[in-house]
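In structure tokens below, several structures.
You will see two complexes here that share subunit A, one where it goes with subunit B and one where it goes with subunit C.
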Partner chain A sequence: MSIILDHVTYTYSAGTAYEVKALDDVSLKLSDGEFIGIIGHTGSGKSTLIQHLNGLLKATSGAIYFNGQDIYDKDFDLKGLRTRVGMVFQYPEHQLFETTVFEDVKYGPKNQGLSDKEATNRAFDALSAVNFPDEYFDQSPFELSGGQKRRAAIAGVLAMEPDVLILDEPTAGLDPKGQRDLLTLIRRMHKESERTIILVSHSMEDVAEYVDRIIVMDDGKVFLDGTPETVFSHVTELEERGLAVPQVTYLMEELKGRGIPVEGHATTLKSAKEEILRLSRAGALHV
Partner chain B sequence: MFREITLGQYYPADSILHRLDPRVKLFGTLIYIIVLFVASEPISFGVITAALVAVILISKVPFSYMTKGLSGIVMLLVIAGIFNLFMTPGIPIFTWGPLTITDIGLKNAATMVIRMVYLIVGTSLMTLTTTPNQLTDGLERSMRHMSKLGLPVHEIAMMMSIALRFIPILVEETDKIMKAQMARGADFESGGIIKRTKAMVPILVPLFVSAFRRASDLAMAMEARCYHGGEGRTKMKPLTYTALDRVAYLVILVFLAVIIVLALM
Partner chain C sequence: MRSMINAKQLTHEFFRRDEEGNVEGISVALDHVDLDVEPGQFIAILGHNGSGKSTLAKHINALLTPSEGTLIVDGKDVSNPSNTLDIRETAGMVFQNPDNQIIATVVEEDVGFGPENIGVPTEEIWQRVESALKGVGMWKYRSHSPNRLSGGQKQRVAIAGVMAMEPKCIILDEPTAMLDPDGRAEVIRVAHELNKKKGITVILITHYMEEVVGADYVYVMEKGHIIMDGTPREIFSRVSELIAHRLTVPQITLLAHELKKSGMDIPDGILTREELIEALCR
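Now for the complex of A and B:
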């Protein structure tokens, strides 16, 4: 299972005064089971990029292959692709429309052509997966709290059991606990089902903590692509592009600047702690 | 897919038409509409066409932007054209079975179609070169005296500018919701009319919810900044006429005079 982007370029409103090149010659390979984070400042092309992955936007030039098949082929089943590559948009709670939460979650599976019984099973599983309290199953989605609405909306995508799950800033607008819960949930889904997860985020701490690979977008191009350690070693380049590195990485850089022989590029609290303990044991913390 | 709508959409460019005071453009559009319906002779339409082409060239707006509005009324044009063509009594010039085309019918059909096309192109020229804010400012200023008759001019202008401002927002919102539902496997294209109408529910419900939410947010934000209606409200950029506007008024009046003279002759 893989998605390959081959020199994809996308231009909004081509040929008018509003012309914007949102993607510029992007080539990427997204493999099975990866947990990928996409970062970039506002307007860098993140959202445009992910909308190509399930064929919602058609590239102006270039090709996209899903499991080796060209998704722009005439006989390619785009609707099928959209249910295999699940997409949770920013503020997904704005897409709720049914009379009850349960019916809303069933919308996706029903569109896949599943029977009512199967759709009910899927909805039940998806709602349990996101820890949605069962007493609210039959409530109107419009009466829920923000966090619960978000869970219901994510369940609506999960219920289609996609192989690839794309989440566009899923934690935006949630309180710290809601954010933690949601990210833990996403990590658990990645570990348990080994599905590919693509997380678009503005929080450097979150991507450093959760993902295995980071893609940095800048001005429609892929600027960096690698593990959190390699990506976050480019501190100045990231800052020039309106981004940052995790707080702990700044701390470790600061220690290095004061002459402490720090090794590697710690990006999470855990790895920073280990490095500091190692230095402490080696007696290297005294300058 | 919804980005194509140009109604009430401003096309940024640097032209004389863009720089004109909105009141001049409103006045010009009003005169233009009146003239369109007064004119009936080919020579008048020739003058109107020349004026329209000149203004289009001055505006620096691509011609395709003006004709986009036409696609919506193609059916109306065809029906109006056919009815005028075949149903008007007069001297027959062409007969085929029960269908007869008369000289007056031909003339009426041509006049009707030209009027409607020119109406759309001419008025969209105004909205393409004037921002919604300028437009409502102009309307409010021109209709200021009506408030003495109890007409809430400022409120109407404000409602209009908010409504115009919301068009692109709602278009974008619709696009977003459509995409979100398409990502959940929604299909808006296939099936009969009932199936397709039903498929709109997942778009319309969230759209209405968000429209109400936005409206209430906006009302709150306006009150938080002490908005209390038009009484005693001043403008950051009050409208003032320049020499260019005076020339434009003159040109419009000359245009009107020419058409009246031609109509009387």
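Now for the complex of A and C:
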């Protein structure tokens, strides 16, 4: 499974005074099993980009290939693509609607044309993948806590067994423990299923901690694309674009600025801790 | 000096009802809470979802009244219905979702709606609108349509709407939960400015730890109780306890805590990068 974007441009309100290029000549290759973070400030093109990946928006120019097939080809099964590339929107719990959690999760697979029995199996698997407690399966989704609603909504997308899972700010509005639990769950799902996961986030600390590859969007273009270490070594360039680097990365940069021989680019708490302990043992913290 | 907000053994109970409306049980949202806020303080209330912090906030401007105990706002008892309107003019409230609080089609009309409603003379309404919008840095957007603004800008307009009522106290109930990092920073900066320049008492309810660093005093709530209180530094010295209560601390505080556990000589309650660098390089 791979998705290739070849010189994709998307223009809103083309030909009017309000014309905006939301995507500007974007070329990317997203490969099988990657865990990718997309960052960028509001209006940078993140949401427009992900809506192209499952064909919700059609590029003004350029091409998109899913497993080598042109998704804009008239023979391409665009409806099938939407279940193979599953999308969890912001505040997905607003889209819960069935009378019980279990029925809500079954809705997707039933729509895919699966039998009731198959849909039931899918719903079981999806709800257990998100650690949803089985005593609440028959509860109305509207009586759940915020974190549980969010997980039920994610299970609804997982039940369609997509090859690619896109989550648009999945932790927004959850409390810190709820945020940590959900990100840990997403990481576990990635490890166990080896499906491609794309996480759109505002939190530099979160993307640094969880993903393997970061795509930074700015003004409709891909501004940076690489591992957290490479991306977050561009401190000044990110700040000029209204973005930031993780707090620990700033700390290590400032230590470097004081003439302390800091090695590498720590982007997570763990790597910063190890580097400081190394410097401390080497007696290199006092200059 | 008279307290701005004084709660003694404040308790609030909700009846849980079944589909026919019969009482099934009682939930205690606030359980014998004591709290005292002086005029001009910047107070933060931390707690996870369902800890009772919003229920407490709704008492401060008399949207809810105590089941037991007392709450006095600027000398007036919220349990007495004849005080309700006075209390709502004293303590203004800003909620989480900016889209639910803005009603007019032009920014300045939205801000003027409150004072107009309480019969402020037209001349003075415009003075208040100007001063409120300047106070939150939104004066140049006065003739814009609110639906064209960013989340942070909308939330600042909502704060201006409260400011135009000239309250002594503003309660911000998770004002940044739906905003991006830039929007969050804007709103918190405006809250601190109003507190410093105009002496307005601020009650900030949040679960973002970074936002409470600048507060004078912090209360941590869980299951309707206040489980910790102190200055931000005192609170952030208790890292393990906060994590046990589903909360977290700023990444730098957590790093300092981890380094200390690994045997380095670092003081408790590190809040900023500068403090940690100071401690490391001393």
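Going forward, the second predicted complex is superposed on the first by the 286 of 287 C-alpha atoms of A that agree within 3 Å, B and C clash if a C-alpha of one lies under 4 Å from a C-alpha of the other, contacts with A are read in each partner's own complex, and residues count from 1 in each chain.
Everything that follows uses one rule, which is that contacts are C-beta pairs under 8 Å (C-beta built on N, C-alpha and C of every residue); 3 or more make two chains touch, one makes a residue touch a chain.
In this text, all values refer to a predicted model and were calculated from it rather than measured experimentally.
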First (subunit B), second (subunit C), both or neither touched by A:H286: second
Which of subunit B and subunit C A:L277 touches, first, second, both or neither: second
Touched partner set for A:G33, first subunit B, second subunit C, both or neither: neither
Subunit B versus subunit C as contact partner of A:G62, first or second or both or neither: neither
Partner, of subunit C and subunit B, that touches more residues belonging to subunit A: C
Contacts of A:G226 with subunit B and subunit C, given as first, second, both or neither: neither
Residues of subunit A contacting subunit B in one complex and subunit C in the other: none
Contacting residues of subunit A [partner subunit B, same complex]: 13, 16-17, 51, 54, 56, 79, 82-83, 86-87, 89, 92, 94-97, 107-108, 111-112, 142, 156-157, 160
Interfacial residue positions of subunit C with respect to subunit A in the complex: 48-50, 150-151, 177-178, 180-183, 207, 209, 246-248, 250-252, 254-255, 258-259, 262, 264, 273, 276-277, 280-281
Touching residues on subunit B, where the partner in the complex is subunit A: 3, 11-13, 62, 176-177, 179-187, 201-203, 205-206, 209-210
Complex contact set, residues of subunit A against subunit C: 41-42, 145-147, 172-178, 180, 202-203, 205, 242, 244, 246-248, 250-251, 254-255, 258, 260, 269, 272-273, 276-277, 280, 285-287
